[in-house]
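Next come the structures, one after another.
What follows is a pair of complexes built around chain A, which joins chain B in one and chain C in the other.
Then we have the complex of A and B:
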């Protein structure tokens, strides 16, 4: 590898360790931004009738604080560690798709910058609460562009998360070292696996909800402003994401805590198998408990009883997991180092957060608690106490591995003591403030809430300050820390068998395992890390295009132009095969037969299915509630729909033929089939365009009514997917003409074929729903 | 001297949950701290000796399921009591929430902005809706509240057993005036 300059290295790296560091540092930056906002609004709440922020700034501060902390700080901090350590823990030399990984990072960074920059727009940033409740978040009540821009930032983040999800699932499924069976994976890797599985199903509904909201705000499409269930629809779509998101944030932190407790107890985790089953149960349950966020909206009592019971049930698996932590301590050889203190501290806070959550699962108690500071206290104990504190444990735990040097233990312990005490000063009073509404910028002296708020504010400022102790400690120890050596903690997972910091290629030989620790190595092909500027450029251009939407449309065009050129360049390097990583597969049960590109596309298809299911679900939800919804065939020309259906079905046939021909080496027919697919897909788009312009000329436009809005959004989103598929086919055509496919090499055709079939299947759902009934 | 039956039910359930939570948490934390202290630097055979994880997990699941589901039993009882819309309320009051105030409409059609007067001991049924965004109608002293959702009517019953002035607040972020969206209920 040539020496590259500092800036070039960080802009173009695709090495998982570099990206891990980028993620970690960026997440800490957003943590500071979100924390500073909290420091500000805790000043506003310090005393009754304070005149410091005022309602507009206060509402922006709490909204951005929530969005940043949940989506841009805590979870990405876990992903920083995951990027660095998941490949090391499973014995791989990188993630499955290193360049895609860089893309995830840059999309994440720029989406965060987009969010933060929204405060500089006229009217300020979003001020509707991070839950974005409609109809408050619709343009009628919040016309300022900042609300839209923050929504676009969320969509951009969802794209980043989807790519990351694909990458981690394929990596953990396919790239484990010989002997690294599922049950031998360290808990942290399990935590990340659970998290990405949750993200895969939780983020598409969020993206769908935000897209519908954007359509509502920009085109006046009345999804959430509809009086027939619009407000409730937002609740469903948001909380279907929102509840699993809690476990997205918690699961890596909580399971990392277990690795740390096991290490510093000098023994293996007790009942690892049962913990994994338990967390798996909690992950599944988390999708069926979200209704508890809507107990008080007036939904059906039986539904609420059922959800109340399932919500209480979710406490049990977490109880099992906590119990095994205690059992691991029993007769252990406990060393109370800083990471161990933070880990154990996070369990204490998790107990309190979990117990107060049991109150909320009780519908009768939740009737009152919803919207009060009890809820604020509860979820901060979970996300900050159990989540962030365990991630701090992880930072201290892995600092020696990442830098090769020890941090200062004394200051680490001081940090723990100060932050643990101030944390409780900050959040415990909130439980006692269970009559105080959330998100109020001021309160009257006669409420009697002042003393508790003062304690909370003071605790909050100390807690924020204590973070600096860690930053200074880490910064100073970079130079003056004692050398750490390979395994300062006497831990037994694979990352501790290589030097600190790990060399560029991680492992000299791929480790082999016959128990949980390595006992040998195999030689393998040399792994080369590539550099690519394109992930950075693509993310930057999307950022510019989105900023342009809110300021000047010229910027949007510049952004789109750069985006187009960069994608073309990405294709070019792929066609020339300048960027390809080769890894030998060892342990891949049960995915032995599936190459990683194909597995990646299958994961993408799963995520896209959820996206369309959310859109279709929203359509059906609104349609059954809105009186006088006309039958589809009275509006749309059934014949055009039918012709398009036939065209798409035929194109599925031609792409299947293309695959069959390339497998048999009949290259002429292969190319012809690709062309046919491309032309059929193009024809579909053209007919769709004519159909739309025809409808529009009849006054059937997107903002007209719900009938038109749902039609245009669903078919428009589908058309966008057809276009993406066409880009893929075009890539195949170019590659075919370069002679890059033969009867042995056709993964690209297979992968894009899967995607194309998926897009066609979606149409088979849309056609009856929007043309027949 | 409780202000009303809804508060009674709520507080007795709250106290039950708190008793359970405090007892269980103290027990766990004591064990935790004891282990941390006892086995600090303990150098014995550190294999997973002596613990049958499977048995432990099964016992724990059964015990915690009994605790949680018995708590849930009380919850469901309380829920039915609080949520059952009374058939013959003494007074039906319509509540219109809007940015940023509460409008009360008496049975005879008279409207009142921000103040409601009811005689002590009356069984009041509120029919709550919103004219614009999502709000939440809450009376802290009675632990009674319900969402005010545009496009639908939600029901909430209360009985004021004590005379006095009761504050109504909004418990769902509804814009700039959320903090000051209050009303008074005067019970005579």
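Then we have the complex of A and C:
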């Protein structure tokens, strides 16, 4: 392959294994970036009164380290493995929506580059801590554009995550091989399913919070600088995402560890069904524990007590799962390979991390430990010790499958020993530094913190170095490693039944399952992997547009132009059905007969529901606390609100009728109904624009006060969704006029209809909240 | 066609409920009751749109459960944020 076709292949690929490799390599790159920042600030903390970084650079380093490690390194590393192995583990030949999968990756990459590039802006990158606590993160206290740009990077990442969640949920629900029932899924696939379910509900509140913060920073909208609880509101919005995010990072790694432990114990996982139920319980509970991050904010004592109990409760399901792992090891035929060492090591570190966290669930103890190095030690034991170590186990475990070569076992074990010891050198002293505040850039000699900080720094540098051992081992083994064969570990899931590395189409025939192992195959239609540059171009154009916001508006226009042209091209190819494939369904309980696109839209709607719920939740939070908030009907013209509501309700009627007509083959009425929906939706936007200009002329503008700011953000976000829906309706109209729909073929109408009705439902609540009461 | 009639009736109910919401603003009642009534009407309208127009009443049970789980999350968010002080 020449250089041009090599580059073209990687820019245009939609194959899940290629995307998996891209994710893995990029996540390892961000791991190096985030790790390097940690090496730098550990130098700064090595001795008292060090002047290596200084306060401003130190604050930037810890902020970027936290953001990169949590959002761009550890979690995406799991998704690299997930992209590669989930389709193989369920017996599919790709994810449900390959082009969206590619777009998830490119949005992820460019969002990370946007984040890192923020350090080159005047005033430097974000220096407010990875939690972006308000009001510190508002423009009043942190005016530099780097804070805004990093926020935009988070929004871009949230878009990537949303596409990824839709893809994995639909793939696992709809594309399992014959006989691949839910309980036969490998634990890693379960881990990814739980993770995307968490992401689906956790990321929209984060996106909403960052959007409000952006409005705060750009337009002066005083959401988080409000004296009536703005800072508390940020705490709610951030930690509603932030605590489940811990399980987003942990779940795939923890459940992958279980597959590895079972393989190298030579027996099935003990109590698999109960582990799955337990982790499901933990996923649900993870949304009702987050207020333990806010115990010291003066929040209602009853709420604190309730959340203290729920936080302590969440340790039970993980206890059940860990006991099952120990039971699997007991009487197993244990092989201490490198992946097994890392897997068992991660369980050990998880136990330390978990038990030190129990103290933080106590309201009384949290008053002492809050904001100290105890907390830093605890969450690093969880996210790095349990999470990253288990993912390293996964990398060693799957390296032979991905490359067809064995890595050097001796160097693998050396890596484990060095990293395990240095990890504990780095983080264990932090428990003993329970009286040292985190996020301070230096300390006085008389504090007595120096010896423990020295040990931690030395441990940190060795830990960083140990990572290089794995990189060199993997790199050298690519050429000189022994051939791996199909199943070097004698594992029993489907990915081990095909050659290493797997062929492009994965399976010659779709495997069938009558037990946990494959026992045959069925012929199926030929699978073609499409190539498309559009996911790359769309992500690049958004990146350029966002960079332009902080540098030159010309760049923003160029970015938006490229984005518009690329989306138009995407439409064209879709209308021509260039990327269409025939959908065959095998094991799809409980979604038999629900077309993939439609299920994908339902998942999207669930995610969008949380986005609007967060905005409405923020509005109600501010409204009930802010004195003198006027009644909505005293501000707005009720007639305009009423007319627009009826217009939107009528557009819901027309698109519902359009679906009924196409099902009955009444194509003339079908097209007329689509057209009517488009006109009504357009009319809604025109009236909204007219209303805004009237309000603005009366001095009711965003940034003026909380009343105006909440109104414009909520109705503006809704209007943006109406516009997106209009683009969808336009697509349907083009397709209808090219004769692409008939009484048997109408899933596009159904799917876009579901989205349109959702936008209507949102308005049904915005109207009373912002116009009537 | 049955659907034409069914959807038009649903639409009429939605429009009437919307007009009632607006009219409630002008009447002299305890304001909390007015607010709760308006929000209740909005909830009923949302169920009608989701159930009939979005076909949720005729979808697979698990899609309904999935949708209900996001509604549960909304209630959790709004109650915790609004009153968790």
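Convention: the second predicted complex is superposed on the first by the 768 of 773 C-alpha atoms of A that agree within 3 Å, B and C clash if a C-alpha of one lies under 4 Å from a C-alpha of the other, contacts with A are read in each partner's own complex, and residues count from 1 in each chain.
The rule is short, and it goes like this: a residue touches a chain if its C-beta (ideal position, glycine included) is under 8 Å from a C-beta of that chain, and two chains touch if they have at least 3 such contacts.
Everything quoted here is computed from the prediction, not taken from an experiment.
With chain A as the common reference, the superposed partners chain B and chain C fit together side by side. After overlaying the two complexes on the shared chain, residue contacts for A:274 are found with chain B alone; chain C is out of touch. In the superposition on chain A, A:443 makes contact with chain B only, while chain C stays out of contact range. When the two complexes are overlaid on their common chain A, residue A:347 makes contact with chain B while staying clear of chain C.
Angle at the C-alpha centre of chain A formed with the centres of chain B and chain C, after superposition on chain A: 90°, rounded to the nearest 10. In the superposed pair of complexes, A:724 makes contact with neither chain B nor chain C. In the superposition on chain A, A:362 makes contact with chain B only, while chain C stays out of contact range. Partner contacting the larger number of chain A residues, of chain B and chain C: B.
Within the superposed three-chain model, A:312 lies in touch with chain B and out of touch with chain C [touch as defined at top]. Within the superposed three-chain model, A:232 lies in touch with chain B and with chain C [touch as defined at top].
Figure legend note: chain B and chain C, brought together by superposition on chain A, show a least Cα distance of 11 Å. For the contact definition in use here, the residues of chain A common to its chain B contact set and its chain C contact set are 229, 232.
The touching residues of chain B, when paired with chain A in their complex, are 9-10, 13-14, 17, 21, 24-25, 28-29, 31-32, 35-36, 39-44, 46-51, 53-54, 56-57, 60-61, 64-65, 68-69, 71-72, 75-76, 78-79, 82-83, 99, 132-134, 136, 138, 140, 143-147, 149-152, 154, 169-180.
Across the complex, chain C meets chain A through its residues 1, 3-4, 7-8, 10-11, 14-15, 18-19, 21-22, 24-25, 34-35, 38-39, 41-42, 45-46, 49-50, 52-55, 59-63, 66-67, 69-71, 73-74, 76-78, 80-82, 84-85. Residues of chain A touching chain C in their complex: 201, 205, 229, 232-233, 236-237, 240, 287-288, 291, 299-300, 303, 590-594, 599, 602-603, 605-606, 609-610, 613-614, 616-618, 620-621, 624-625, 633, 638, 641-642, 645-646, 649-650, 652-653, 655-657, 660, 664, 750, 753-754, 757-758, 760-761, 764-765, 767-768, 772-773. Contact residues of chain A toward chain B in the complex are 55-56, 59, 127-129, 133-136, 141-142, 226-232, 265-268, 270-271, 273-274, 278, 296-298, 301, 304-305, 308-309, 312-313, 315-316, 319-320, 322-324, 326-327, 329-336, 344, 347-348, 351-352, 355-356, 358-359, 362-365, 367-368, 370-372, 435, 437-443.
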